[in-house]
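Note that chain A is present in both complexes that follow, paired respectively with chain B and with chain C.
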Partner chain A sequence: MTSLWPIAFITFKEGIRNRAIYGITLFALLLFGATALVATMVPREVGKVSVDMALSTISFSGLLIVLFVGINLMAKDLDKRTIYTVLARSVSRPQYIVGKFLGMVLLITVTTLSLSVMAMAATFILKMTHAEFFTRFSWSMIALSVFLTTLMLILLSAVSFLFASFTSTSFITLVLTIITYIIGQSISGVKALIESPPQALGFTVSPVTMKLVQAAYYLFPNLSLFNIKLQAAHDLPVATSYVVWTVLYGVVYICLAITLAALIFRKKEFP
Partner chain B sequence: MRRLFLIILVLIAGYLHVVFLGKASEEMKKLPQGDDHAFILPSPILKVAALEYQGLASDVLFLNSMAFIGETQERKERPRVKEWEWRWWLKTLDAATDLDPYFFDPYFYANAFLPWDAHMAEETNHLLEKGSRYRNWDWMLPFFIGFNDFFFLQKNVEAVPFLMEASRRPGGEPMLASIAARLAFKENQTETAIFFLEETVRRTDEESLKKIYETRIQALRSIAILEKGVASYKKKFGKLPPTVDELVHRNIINKLPLDPYGGTYFVEQDGKVRSTTSSDLEPYISPAMKSFH
Partner chain C sequence: MITIKGISKVFKEGITGKRIMALEGLDLDIPKGEVFGFLGPNGAGKSTTIKILMNLIFPDTGTATIAGKDVQIPEARKRVGYLPENPYFYDYLTADELLWFGGKTAGLTPSTIRERSDFLVQKVDLDNARRRPLRTYSKGMLQRAGLALALIHDPDVIILDEPMSGLDPVGRKMVGDLLVELKQQGKTVFFSSHILNDIERFSDRAGIIIKGKLRLVDSLTNILKGNKNLEDVFLREVASAEGGVAA
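Showing the complex of A and B:
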């Protein structure tokens, strides 16, 4: 346990120093600036559009961090052979994986938190200037949405660790993680679509496709569960039980992915 | 020396880049190709393709549709917007509200243009009913449905439940009850319509939209004055006036009210006052003129 924290902390520090972080932050800042521009182009629901923009920017920037900073952090140790010096000390391979992952969790949490502060500032300014269009608006719903987005990003990062444990290059990990993200976000929509009656669909779905989609539904993480941007934008009620089950699902999936990653990593042969 | 040469080269290339881009995009406009406004993806596919950014996708679709309306304002030809363009516009708003059914603006703008300019009251009500179902706290959407039912579709009975529904929602109680009551009297149609529209203007903040609605109200007011004149003429002389000028001759009204759309008024055989143009006010266009629209 004691060896986990130094690895986590070093990983976090390495991530924060990564130049990509600056680029992503600059990009997010530009988008928050654009929020003011786009939201005021909408005649009435300025509040809704600004919340849409703010939350989408947070989750998209977070996604970029998971894809371009997170995956690199894992790969760098292998590429630069620094992993030998770490493992030469009394750190087991599973400990190394878990430590790295904890560092990544820390990095994701800190970056989404700081992005949220910027987003809240942009939204706050718009709320001051267009108070009459912020009738259905709630800070707590925005905070809840940011929390679930953070959990989604951590989950995706855990899956990328799983991929990194058995692929040979970080590029393959990146591609697999992007595919997982796309499938994860759309799988419940696709499942609902193909399970709807053929009359409504306009064509019949072959049983093979049906089985494939159903298999994918249980295999890939259902990332759309963590998406309550629409509810946050309109201050619609979200049941506590929904949040509880979703968080439990996320935590279990993360544990599963990291445990599997540790198991596979134990057997991995280094170059 | 070499550095200076490189700087000049960069400057020239930069200038040429702008020139060539302009020329090429000018040529691109002439290419035989499909119209930007020709199609819209079906909503289930849009929903899947938007990943977790459905709200944002909805905003983009709506802004697109607003840009289209802005662009048509500068057109010279009449009618400004073709029928298939209105259909595309409705589809875009429908898709935007499939992605985010709680988004108010698409409903609001659909109602401001489609029943009036595109004569698509039925389709608009279909869209508004979706909005009313989701935004169950919003009195405006059932209010609009009620108005369209009454004014464009002449379905007073159908309008009443929507107005009653609107009156139950927070925001518009007192006047909605009286409108629902007015619908029972067929003869006060025009004044009821004015009453409806004044309420809409009161809740509209956008200046350009306000102006459009105010013109509509002005046209209806002119018709209301003439209708009253025709009624008292009939009472006095026992027949309909042959022309609206007759009302001025017989001192029933002081002067003829103006049609803000530039048409002239006349009395139909059934005693109704209609205009030769009033392009926005479909129920008040003479049936003979309707074939032009």
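Showing the complex of A and C:
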């Protein structure tokens, strides 16, 4: 287990120094600047719009980091055989996966926190200048939303690790992860829709479609659970039980994905 | 120290799954303190054997052990240093960080890591580049960084896959001196090469592998007995494996 920290540490260092991180951070900074501009165009809603845009920027930038830095970190190990550096030590393949994932968790946490500080600063400035439109506003709700977004990004990263454990190229891993993200964000809404009464829908859903959507609902992670940006923007209450169950769901899904990735990776060869 | 018993390995190639026999019933025993040169033409199975020893690939049949431990157990690599052929490391790490990683995974204390790193970066002549990202290194510098990483935990067994590849004459001399030094320290060294001169200069014993089959294993003295040089022996073995006559 002493090998986990060194693997996590070099993964984090390799990731944080990646030039793509600087590009994504610059992109986020531009969006935060745009937030100030756009929000002031709707004076009465400036509070809600600025919070919503700031949280969306964090979420989108984090997604880019998972897709273009995280997947690449793992892919490079396999494509360029840097994995030899790790596996030649007294490190098992499951330890490699767990260590690498912990490094990715650290990378996501640090980058999301940094982006959040920028977002908070942008929001704070707007709050100071337009205090009268920030009546329904709560820092704690913003923090809770950032926390759940971070957990969602970690979950997506865990799923990308699972894909990387059995796919042959990083491109396939990237495509599968993007598909998972899209399905994960929309599956709960789609399921609710097709389970509505036919009279409300205006058409009948075939049993095959119903089964497929239900299978996807249980197979893919329900990422929309982690999205409380709307509640944060409007300072609407979120039940403690909802947060607890969502966190539990995320942690269990992450553990399952990483365990499965480690099991598959145990049999992988690196010729 | 290193024991290989009846190892065979088949690779499947392309969508047709064409079977390529990379190793066939390989037996090898390398005692403690010996420098063993593993010689063979390109694609003979040298790297495959080394990758099996490092548990990077799995044999179809047979077993391999290092210091009595099955290579499939991570513990077997605790006292092993490995340099892959054409090593490639993390782009944004520095040589210092790479050595820190190697030391930490070997369970060294921070002070030992510092001490060994200082010693090794000087040894492989990377002192001035130790804080530079590895992506700025030349091929030879990467090779030397890889050597330092392989030796950071002062291993008892050192496995080097084509250690001279990509090195300039100065680098080759440095690696050669290092091999001699490791031998004097009583380390077990297993190195592969297709450069006959390297095998002749540094090995106590050598093995010639062709098309996945070990054709000859003996001490350098015995191999060279009655032969002009190692090249003669090698070409004869290659011709014999091809079913022809040596030139």
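To be clear about the criterion, the second predicted complex is superposed on the first by the 269 of 271 C-alpha atoms of A that agree within 3 Å, B and C clash if a C-alpha of one lies under 4 Å from a C-alpha of the other, contacts with A are read in each partner's own complex, and residues count from 1 in each chain.
Keep in mind that, in the parts below, contacts are C-beta pairs under 8 Å (C-beta built on N, C-alpha and C of every residue); 3 or more make two chains touch, one makes a residue touch a chain.
These numbers were taken from a predicted model, which means no experiment stands behind them.
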item: Superposition on chain A - do chain B and chain C clash or fit; value: fit
item: Touching partner for A:189 - first (chain B), second (chain C), both, neither; value: first
item: Which of chain B and chain C A:21 touches, first, second, both or neither; value: neither
item: Touched partner set for A:6, first chain B, second chain C, both or neither; value: second
item: Chain B versus chain C as contact partner of A:49, first or second or both or neither; value: first
item: Contacts of A:229 with chain B and chain C, given as first, second, both or neither; value: first
item: Touching partner for A:84 - first (chain B), second (chain C), both, neither; value: second
item: Chain B versus chain C as contact partner of A:159, first or second or both or neither; value: neither
item: Shortest CA-CA distance between chain B and chain C [superposed frame, angstrom]; value: 31
item: Contact footprint of chain C on chain A as seen in their complex; value: 2-3, 5-7, 9-10, 13-14, 17-18, 76, 80-82, 84-92, 95, 269-271
item: Chain A-touching residues of chain B, taken from the complex the two chains share; value: 44, 47-49, 51-56, 58-59, 62-63, 66, 100, 102-105, 108-109, 205-206, 209
item: Residues on chain C engaged by chain A in the complex (per definition of touch); value: 11, 48, 51, 54-58, 74-78, 80, 82, 84, 87-93, 97-98, 100-102, 104-107, 133, 149-150
item: Contact footprint of chain B on chain A as seen in their complex; value: 38, 41-45, 48-49, 52-53, 55-56, 59-60, 132, 182, 185-186, 189-190, 193, 223-224, 227, 229-230, 233-234, 236
